[in-house]
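Next come two complexes built around chain A: one with chain B, the other with chain C.
Then we have the complex of A and B:
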C-alpha cells in the first residue's frame, strides 16, 4: 500500500495515514480498514476496543507497518489480528 | 559614523516589538522591562551564535524555503525520524532516502497546496508563503473567575519549552513575578542541550522543578502548584495536556484570578490545533517571507525564528494585562497569528517604511545580526 494512503475504520471514527506498510491486513476494532468508509455502523470487537489517540504513530513488533492516527476512535489498530503499539514520541529539538 | 564601524543590521518588525515591550513596561511599571531592547530580544539567539542574515535557509539552519509549482513553502525536519514521514508526504517510498537536492527537486515538482495540508497531518513544521490566517494573534478561549486579591509577586508556572513561552515567563519574572519552571522528567526542555547559552538567558532567575508527569504523584504536585498560581504558561498541543490529565479549562473555571496562557503554532481552532509550529515556519505562515518576496523579489527568511521572540513578548503582555485588571481566563496565543498581526500593524502604520526595512534586511544577507545585549 502506498505511503500517504488514508484508511478508515469500518466500525468507529478512526482514520489513519499509512507511513509504511508491508504485507498483512490492517484492521481497526478487529475489522479490515479501507480507503472508503464502510456502509452501516458496526461496533469494535471487545478485544480490539482500547481506542486510538490523535497524532500517535502505531507500529508492529517487526517494524514493517507504521500508521499515523489522524482521527481518533474507539477501536484499536491491529495487523492480521495482532495489536499494534504506540511508537514513543520524539521530542522536538531546539533547532528551528 | 566612524570609518570601519559597520552599521548594525536592523531586524524588520523590531519597532513593533519595541512598542509591545513599552506597553508591557507601562502595565507592569517595571524598570527592568523599560530598559530592555526589543531588537536585542529578537536577535538574542543570533548574537549568541553568530548567525548571519539568512536567505532560503533559516538563520539557525533547521528550516528551508523551497519553490514549488504554486508558490514556495517552508519545511523543517527537526526530528531524526521525520525523514521516515517523507514517503507519506510524497506518496513515494523512495523519498525517505532523498538527499537535499533530490528533496528540493521533488518539492519543486509538487504543489504547495497539496503538500502543506498532508505535511501538517503528519505533524511536520510546514507552511505556505501566502496562507490565510488560521487564527488571530490572541483570543480568550475560556473566561475564569475574577481575582480575589492583587498580588505584588504573583506566582507564574512556566510549563513551556524552547523559546516563546520561556521568554514570556522571563519577562514576567523581570517585572517582579515569582517564576517556577516545571519540566517533565521524561521530556525536559530540549533547549537545555540544544542551545545552552540561550537556555540560560531565557531561564535565568526561575526556580526549576522536574516532575514525573506520567505518575499520579507528579501530576498531583503539578495541579497543586497551578492552584497556587496566578499565571500558567504552556505550549502543549491540546491533546498532550489532555493526555497528561491536565484540564486547563476546568482549572481556569475553578481557580480565581488564574491567567492561563496557551502558546500555539496556529491557534486551537479545528484542525489547526494539531499543527506543529516552530519560529521560522510560523513566521512564513504569518506572511513574513511573502512580504519579503513582494518587497525584494527574493526568497528568504526574516529574522531568526521570528515568531518565537515576538510571541514571547505578546504572551507576556497578555498575562500582565490580565494580572493588572484582575481578569482570569485562558488566552490562546498563536505564533503565526502574532506575526500576521505585527506585519499588518506595521503596514497600516507606514507601508513604505516596512518595505524599506525588508529591502535593507535582504541587502544585508550574509552579515552578522543581533545586537549585543545591553
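Then we have the complex of A and C:
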C-alpha cells in the first residue's frame, strides 16, 4: 500500500494514514480497514475495542507497518489479528 | 502524504482553539482551514502552476501554503528584498503563478509574464468567502512538490530547491508530537516567510497545536513588547536578533519577558559571548540550537537545553566548547563527515558535512544533489567530536587553501574575537602570488577602544595558531556586511581585498 493512503474503519470512526506498510491485513475493531467507508454499521469486537487516539502512530512488533491516526474511534488497530502498539514518541525540544 | 493533513488534523481536534495571532487578529484552526480551502479554489480558478508569496508574514502565508498543498501546486515564497531585475527573473521561472502580495510591483516588473496577482487583504478576504464546490470536495492526494525555495544565489543564479510533501511530513512526524503543546503555549515567529525556518515554524506549531504569534518585521523593541502582550512561551531567533534583544533588555526595558520558557536559535554562527549573555539574562529559559538547511526540511542537529546549562556550568574545556557546537544529529537522520574524495572521516577530523534521511530532499529543480546511497553533501564544513557533537567551521566554499593547506576562517575569527578591542571579525581567502591563496582579515573595532596595530593582530594569531594563519592583509571597517537573516556575506568581504 502506498504511503499516504487513508484507510477507514468498518466499525467505528477511526481513520488512519499509512506511513509504512508491508504484507498482512490491517484491521480496526477486528474488521478489515478499507479506503472506502463500509456500508452499514457494526460494532468493534470486544477484544479489539480499546480505542484509537488522534495523532498517535501505531506499529507492529516487527516494524513493517506504521499508521498515523487522523480520526479517533472506539475500535483498536491490529495487523492480521495481532494488536498494534503506540510508537514511543522521541521527545525533542521545539526547534523552529 | 500531504502537509495539508497537519492543518486538517488540528482543525478536527481543536476547531475553536486559536492557532495564529497576527497584527492583533486571532485565527482559530477551523478558520485557518477554511482560508486554506478557499485559497485552493482561487488557485484552481487561476490555472496557476505555482503559488507565490511576495509579502511579509501574515495569515495569507498560512492560507497560501496549505491552499497550494491541497491543490498539489508548489508554494514559492519569494524574497521581497531582492532587486527588481532579480525578482523578475525568478517570477519568470514560476509563471504562470498565483502571486499573493505586492500587486503594484508584480505589474511593474513582471506584468507580461501571465501571473494572477492578489493583494494580501483581497486574497485573505476572498479565501474566507470562497465556498468549496460540494461537501465532498476532493483534494490532491499530493505526494509531489510542496515547496520550491530559491537559494540566495551568492555565487551563481539562484537554484530552485525542492521539498516534497514526503520530506516535510517525515520531518514533522519525526520531530513533533501531535497536539503536544499546552493550551497557553505561544510561539513567536519572526523569520521571514521565504526562509525554510519560516515554513517549518508554521508546520511544527500547527501540528503541536502551539499558537503562532507572528511578528512581520523585527525590531528588538517590537519583539519584547509582543512577548509581553501575548505572554509568549517559545521563540526562534537568529543569532543577531538574540544579541540585539539581550542588549535592549540590558538598557532596562520595562516589559515582562519571564513567560519565555524556550528559546531556539539557528541560521548562523552563534558567538559564544552572545549565548552566554542570553543564558544569564534568561536563567529559566530552555535554549536549543537548531542546525539545518533548506534542502534538509530544516533541523538535522540539535543542542538541547540541558547541554547548554551543562556547558555553561562546566570547568572542562571540551564540555564548555559544546556551547558553540550544533549538538547531535536528531534520531531520524544520519550525519557523516567526509573528505574531498568522499571518504568518511573519524571523530576530530574536519571535512564536509553529509546527511541522509527521509526529510532530506537534496533536490533542485534542475537536478538532485544526492549521491547513489542517498547522502546529501551540505557544502558546510565541520567536524564531530568523540561524543558525537557536531561543530561547524564554515561553508566548504569558504575554506582558505594556502599552498595546499586547508584553513577554516572560523578558527582565525575566534582568535581575533578574543582580543578585547575586536567586536567582529571575518577571515577570507585573498589572492596570493606565492601561495595561491592567503588569509585576509576584516575587523571591526569595539567602541571606546583604540584600533589595534596590524602587527599586534598578526602576533596574536601567530601565538595561538600556526604561522600559516597569519593574515597578509588586514582591513579595518565600521561594520561587516550581513544579510537580513544575520548571515555574514563573505563574498562582499572578499571584495575589500581586491584591488
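The rule we apply is simple: the second predicted complex is superposed on the first by the 94 of 96 C-alpha atoms of A that agree within 3 Å, B and C clash if a C-alpha of one lies under 4 Å from a C-alpha of the other, contacts with A are read in each partner's own complex, and residues count from 1 in each chain.
Everything that follows uses one rule, which is that a residue touches a chain if its C-beta (ideal position, glycine included) is under 8 Å from a C-beta of that chain, and two chains touch if they have at least 3 such contacts.
On a predicted model such as this, the values are computed, not experimentally measured, just so you know.
In this superposed model built on chain A, chain B and chain C take up the same space, so to speak, and clash. Of the two partner chains, neither chain B nor chain C is touched by A:28.
Judged by the touch definition given at the top, the superposed model places A:68 against both chain B and chain C. Once chain A of one complex is fitted onto chain A of the other, the partner contacts of A:19 extend to both chain B and chain C. Contacts of A:54 after superposition on the shared chain: both chain B and chain C are touched. In the superposition on chain A, contact of A:84 is made with neither chain B nor chain C. Put simply, of the chain B stretches 207-215, 243-251 or 261-269, the part that bumps into chain C is 261-269. Once the two complexes are overlaid on chain A, the chain A residues touched by chain B in the first and by chain C in the second are 2-4, 17, 19, 54-55, 68, 70, 90-96. Those residues of chain A that touch chain C in the shared complex are 2-4, 17, 19, 54-57, 68, 70-71, 89-96.
Taken together, the chain C residues at the contact with chain A in this complex read 1-2, 5, 8-9, 12-13, 141-143, 165-166, 173-180, 187, 197, 200-201, 204, 208, 210, 234, 236, 262, 264, 266, 286, 288, 290, 292, 298-299, 302, 304-305, 330-331. By the touch criterion stated above, chain B contacts chain A in their complex at residues 58, 60-63, 76, 78-81, 84-85, 87-93, 118, 121-123, 162-163, 187, 190-191, 193-195, 198-199, 237, 239, 243, 274, 276, 278-280, 304-305, 308. Interface residues of chain A facing chain B in the complex, by the touch rule stated above, are 2-5, 17-20, 53-55, 66, 68, 70, 90-96.
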